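Got some structures for you, see below.
Two complexes, one shared chain (subunit A), two partners (subunit B, subunit C).
Right after this comes the complex of A and B.
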């Protein structure tokens, strides 16, 4: 093995194809898109150089501000939800269900493999009010509560998005964190128990600090995924009502491909990239501190 | 041993190389499926809501245009209307527009496509084919005023207005309203009787913004939105905001029923046709829905048509019908050749009669084969078109793609009260 990896040619052969494909489908478009931020126009009418106009426009565009704020809100709420419920699931697997957690793990993981659009359609039907009440409204009616037009106002639409996306991916984080938890040496837990730690105290002082690295990875993973959310919202609310649940990605897509402003769309994409970068750096920075040392 | 290793390495390298080449070739070959030059199929892309053009074209391909279909087989594809503009821009950017496609949601897009040489000049093409007489002159003039040239074919020629359920009107003692106030009073009556007064799709948005446009034309006259397009007036001017407010008031009173933002085009049509809604603002293209006996439970004979009513003291009146060519389809100039020309010739000659007999559709094509047994409602539409001297367009007809999208995506929020009339109008004005 050492011999193979020590040979430059074999390294080239092993990495080359993947690198080439990556360069073609990722790096080239990224650089290309960066170039577009200085231009305006589209593939039909051609491009004109506008310098930094797109960025100046972004500063005063109320829709960008609205979309940015929604993206941040969405990322924070969904990340907290996904990781929190995922962690609860993993604790359930390890400490309650123990060896018999297989079936529950599979069931909780199941939504992850379902196509996003199918899940979104299911939630649309569940929270429907017209032409007939969905499951949720029927349930509310049972208790004498009036039907709610869930997709009619931004607050309730956001709630449905949050419920759907947390339900859809908590199983994944459950498994990810479960892998971290089973790595905690049994003897450490055993000695803590002998010292009298149990329940919440055991989790707080032993489990949480020891599973911190994988928890942190989950958060980075989740926040970067949620900042770039596109398909689930597009399929569930299409950014509506109005534009109140449009994240930056949907606004970027509309600007580029509906309004035909590739340059401005690329500038919005650049803003999103910066946001991801800042958030990741922030999390990495804060993780350097050792939280176990108070 | 060394020889074998070297050989297998070379083999591996060759295999990797071949793999990469294949990948690159498939990657680059993706866009080549378009029909920019010498088409092999008569590819047609229409908005999914329009089931009629595909149906009539299929009929033609089996019948009058079967010879053309043999040389250039018909290939149909649809896309939801809300995604149409996106798809057209992407395809145009890749030089991959189909031979025939639904013109954009916003006429401005068709103008852009025409300016960049993607849209056929029908004036020239049909004159060359000696088939220009197959198109009604009135339809050509409507298209020219909307699209800045004869850039689309009038697969439909519509008037718009309010369709009403005669039985529900009679049962509730309501007479056909002639003024806005009477319309509101009628809506109150239906609302009190537990019916949906207006069936409208907030998901599509435009059935609601159409009402705003009509109200503007009735109060400020037929040139009111041209003034906005020319910059001589703003949508945020109080007299324009008044129109949005009038429609918002309908929503606040609950006249559109529950969950208007989630109601799609089909559901809105069904609500009217199953008798749960009393009125339905729509273009005459909906006649083909009414003719569908399975969907239409109230019966064609129980449906009446009224123009959008006059508003007291307004400069416009209800005789100025909203007329348009629907969402027309056009041809790709870059893939136009003799075979496509043969299809165009055949369509222009036969579409009018086939659409009328099969779908009760009044189109802008002349009727070259007489059609017998025209249903009364269709005959009434034809009559009204003939009797109308002055027509008006719709709210977003002269707006940019962006303003059109903004207007239609926010319409539902206007009637649910999440946006005020001022907010709605300023959002649209900002994107003009």
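Right after this comes the complex of A and C.
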């Protein structure tokens, strides 16, 4: 039996195709991209070796700094927003709506499945000022507030991006955290209630510590996703006004395909990959330490 | 609405039930308001979008934004579908997404089986190699792939999309499939091999049927990921007639969107309500699947 489950030929037939495609289309290109970072040029005009010039250029390129700073700011704000509102939703589901939360969960979840481009264009029209007011400005006018040119300054554009991405995904984190919250044993909650804990005190001292592991994994997932944000911002603001809402992903895309600088583009992609790797490892390690402590 | 609650026998150990009706109603009010607010915030934008898709340009410019359309005619949809090329873009999306889904699921399920059920040296290393693929941003593989597709003459077809989608979807598929196979008792496969079945046969005739629900779930999850993708589609579609629906919609906005509101709204609606219909019928499964695949972020 061991022999059958360890049959080399069968193993090769089963995993071979997946491993081959994965290696050729993902692993090799990653290494290849690393190679590109040492060159200048593109597939059409050819490449010249420049050593570490691309990295030196990144150190002084104000646009890279801007994009890196935006990426980090975006990841932090959106992660906090998504997980915070998701957590509020999950508390609402578990402790207020209880058994009847199914339909609300389903309704709050659905923006997740909508195409990002479509959602972004919808928000673009909702926050529009010219040629005519969108929903939001019209609503503000009702209260006597003047229309705001939301996409005219980087601060308000960032706000719209944040609102959109939190709108899109809080239902998702609501369900994810809900799954963690319903796992808290009822008798633990009951005994805390008997001890006189209720409302926010119950959440603060019992629910929050017990749901810390699932909160942490939500944060990891969220950071991992938000660092790579591309389509929602591209479709909503196209990185503007100017370049003030361009994350590394969009800057990399423009460098590579608008300006045809493969080497520099790969260097930016490498910076992004490094960022993802460091953040993942960092959170993974700190979360493991916490778990062993508790 | 009130009589039934009044005459209903009070449940034991529920002191709230004995309070006067108004107090209970007041106590429930904040919850009702919160839930109502939540639903308005989540759903009203889509209602607004849908109503807008029936409006004429004149209505857009002259009526307030929350006005109802004067009539429900489908001119905007016809416009978007034909002049706006959405029909062509949707076809491209279907032609790229479904072959990729099929390939990814076949390879991913087989790999998941080999990694979880079968016993061999180095399988942990291979699983880890697949897992790191979930973390790598797409930008890290675009340029070499672009070069290769260009040099092999695949640019100008939908193959770059199919190949790239298959490969980028594999890590998550393998990971999820391995997880599902872990929950199938090993005895099942051991018993079938004792009965003399070849391991490949027990994969096809026992393994696959046992997790066909899981395969369907993963298929749904990956469908949403690929269907909604912009980065890969934008990189590898160099001509108008290859655009997927997302790239098409983005360009539609740039080309006609600033003047032709109705058709743009209709185009967004086609895109949105396509996925929404799937969600309406399969929402529980989609929720489970997407949260199980949340490692992707």
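Convention: the second predicted complex is superposed on the first by the 269 of 294 C-alpha atoms of A that agree within 3 Å, B and C clash if a C-alpha of one lies under 4 Å from a C-alpha of the other, contacts with A are read in each partner's own complex, and residues count from 1 in each chain.
Here is the rule we go by: a residue touches a chain if its C-beta (ideal position, glycine included) is under 8 Å from a C-beta of that chain, and two chains touch if they have at least 3 such contacts.
Keep in mind that what you see is a predicted model, and the values were worked out from it rather than measured.
**Q** Looking at A:32 after the superposition, I want to know if it touches subunit B, subunit C, both of them or none. Which is it: first, second, both, neither?
**A** Once the two structures are laid over each other on A, A:32 reaches subunit C alone.
**Q** First (subunit B), second (subunit C), both or neither: which does A:47 touch?
**A** A:47 sits against neither subunit B nor subunit C.
**Q** Contacts for A:153 in the overlay, against subunit B (first) and subunit C (second): which applies, first, second, both or neither?
**A** first
**Q** After superposition on the shared chain, which partner residues are touched by A:17: those of subunit B (first), subunit C (second), both, or neither?
**A** Both partners.
**Q** After superposition on the shared chain, which partner residues are touched by A:55: those of subunit B (first), subunit C (second), both, or neither?
**A** neither
**Q** Between subunit B and subunit C, which makes contact with more of the residues in subunit A?
**A** If we count touched residues of subunit A for both partners, the winner is C.
**Q** In the superposed arrangement, which partner chain does A:254 touch: subunit B (first), subunit C (second), both, or neither?
**A** In the superposition, A:254 contacts subunit B only.
**Q** Under the stated touch criterion, which partner chain does A:131 make contact with: subunit B (first), subunit C (second), both, or neither?
**A** Touch partners of A:131: subunit B and subunit C.
**Q** So, A:95: does it touch subunit B (first), subunit C (second), both, or neither?
**A** neither
**Q** Do any residues of subunit A touch both subunit B and subunit C, and if so, which are they?
**A** 10, 13, 17, 21, 24-25, 43, 131, 257.
**Q** Which residues of subunit B touch subunit A in their complex?
**A** So the residues of subunit B touching subunit A come out as 9, 12-13, 16, 19-20, 23-24, 27, 82, 85-86, 89-90, 92-94, 109, 112-113, 115-116, 118, 257-263, 267, 270-271, 400-402, 405-406, 409-410, 412-413, 416, 418-419.
**Q** Could you pull out which subunit C residues touch subunit A in their complex?
**A** 31, 34-35, 38-39, 41-43, 45-46, 48-49, 52, 60-61, 64-66, 103, 106-108, 110-111, 113-115, 117-120, 126, 129-130, 133, 135-147, 150-151, 163-164, 166-168, 170-171, 174, 189-190, 193-194, 198-200, 203, 224, 227-231, 234-235, 245-246, 249-250, 253, 257-258, 261, 264-265, 268, 271-272, 275-276, 278-279, 283-284, 286-287, 290-291, 294-297
**Q** What residues on subunit A touch subunit B, complex-wise?
**A** 9-10, 13, 16-17, 20-21, 24-25, 42-45, 128-131, 147, 149, 151-154, 238-244, 254, 257-260
**Q** What residues of subunit A sit close enough to touch subunit C in their complex?
**A** 1-2, 4-8, 10-11, 13-15, 17-19, 21-22, 24-30, 32-33, 36, 43, 89, 92, 96-97, 104-119, 121-126, 131-135, 138, 167, 171-172, 175-176, 179, 217-218, 221-228, 230-231, 234-235, 248-249, 252-253, 256-257, 262, 265-266, 268-270, 272-273, 276-277, 280
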